[in-house]
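The letters A, B, C and D name the chains in turn, as written, and every chain counts its residues from 1.
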Amino acid sequence: MHRMKITFKNMEVKMKEIMKRLQKFTSDRNWAQFHTPDNLAKSIVIEASELLINYQYDDAYFNLDNVKDELADVLAYCLMLCDHYQFDLTEIMNRKIDKNEKKYPIDKVYGKSDKYTKL
Amino acid sequence: MHRMKITFKNMEVKMKEIMKRLQKFTSDRNWAQFHTPDNLAKSIVIEASELLINYQYDDAYFNLDNVKDELADVLAYCLMLCDHYQFDLTEIMNRKIDKNEKKYPIDKVYGKSDKYTKL
Amino acid sequence: MHRMKITFKNMEVKMKEIMKRLQKFTSDRNWAQFHTPDNLAKSIVIEASELLINYQYDDAYFNLDNVKDELADVLAYCLMLCDHYQFDLTEIMNRKIDKNEKKYPIDKVYGKSDKYTKL
Amino acid sequence: MHRMKITFKNMEVKMKEIMKRLQKFTSDRNWAQFHTPDNLAKSIVIEASELLINYQYDDAYFNLDNVKDELADVLAYCLMLCDHYQFDLTEIMNRKIDKNEKKYPIDKVYGKSDKYTKL
């Protein structure tokens, strides 16, 4: 298994700060009116597609700085949607991993990523 | 400004656990081979679109449980992409909010979300 | 039932011309190398998301000229993918409408667009 | 330049039939209420992402029959959006190819698909 490269140091403090910045950014501009769940969901897809442009034609459009920016935008809209519904981010993630572990039993799917296989 | 509903309690410990679970899930199934950055970016869009289905026809397809699941999937693929590039999640988010604050000056965009306005 | 507003006059001649223009545009620039089915599929999503930006925040970003352009891009990439696989465009559309008519029987779904309803 | 594989034989008659079938399908189910431009744009992205699943993990999820179905869905929603705005499909496509020919001059972009290149 590969070593974890990502760090989550002081994540609690830092994420609170980020969430506060996102809310202040929105309220300073009177943009909360635009942030309905429907619009946030559209925004997540739109930013995810802008991220995908980096891989649209192999490496031709790739730009690491742009990957950072678009990924940050996807995450920001995800946080705003979590906040809207009062989801506990770690709870919904753990819940989904629980489901996936059951849905994809190791002995049936090892080395295969076959969606259409009857498991 | 609205009250923050989301909590990030023990986020550092919990996110480490989640990242470990995602990595174990992947390596147990020998699926790391599928998780190239290109494929992860496609997966983020695909899960984001599955989230959007909840809002496709107003409320007709809306299901709060499914919103949780699809949002969790988007976040999981985002974390895997962060991990691949060794991005610091909070750093890329703060960096992008800095940029947005400059790009959208309060006095120019207040109450308008007009993309085509010359600022 | 609402009157059909769209016209398909001389569609055979016009579509052949458009397909020739798309192919000449691509070969003049030596871009066929980028148009693998995988990349074309990514491009369809990316252009579809650019279309969606027009509806991202209600009317704030809406621009009818841009709707035309992004829709044209989606259609162009769809035609290129059809061409790659030698699909008969009208055949695949009729085939899918046949399936949908069976999947969504009128008496079960009238006025409901409920995906999760057991039919 | 590669030979055109796609055919558009009797396209005018066939497309009229398809458009009629789409409208009858919709009105028989009283679904026109769901087909606002906003919802149609979301549907195009959603179907495009379902098409992309065929390429999500290289060939693992690829299914040619599913490619036909999802591509047909993308095209159906595009036609419905064209019909809504009374766009002439061939006109908007030719208009966009005109723009692209100017935007990407052959001598500047030959063999490069570089978005960030200053042209």
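Here is the rule we go by: contacts are C-beta pairs under 8 Å (C-beta built on N, C-alpha and C of every residue); 3 or more make two chains touch, one makes a residue touch a chain.
Computed from a predicted model, the values in this text were never measured in an experiment.
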Over half of the contact pairs shared by residue number: find the pair among A-C, B-C or C-D that meets that against A-D.
B-C
Larger contact count among B-C and A-B belongs to A-B
Could you please state the distance in Å, as a whole number, between where the Cα atoms of chain A are centred and where those of chain B are centred?
2
Which integer distance in Å separates the CA centroid of chain B from that of chain C?
27
Could you check chain D for residues that touch two or more other chains and list them?
34, 42, 45, 48-49, 52-53, 55, 57, 60, 113
Touching residues on chain A, where the partner in the complex is chain B:
1-2, 4-12, 14-25, 27-34, 37-38, 41-42, 44-45, 48-49, 51-52, 54-55, 64, 67-69, 71-76, 78-79, 81-90, 92-97, 99-101, 104, 106, 109-111, 113
Given the complex with chain C, which residues does chain B contribute to the contact?
42, 45, 49, 53, 57, 60-61, 63, 112-116
Contacts from chain A onto chain C in the complex sit at residues 34, 39, 42-43, 45-46, 48-50, 52-53, 55-58, 60
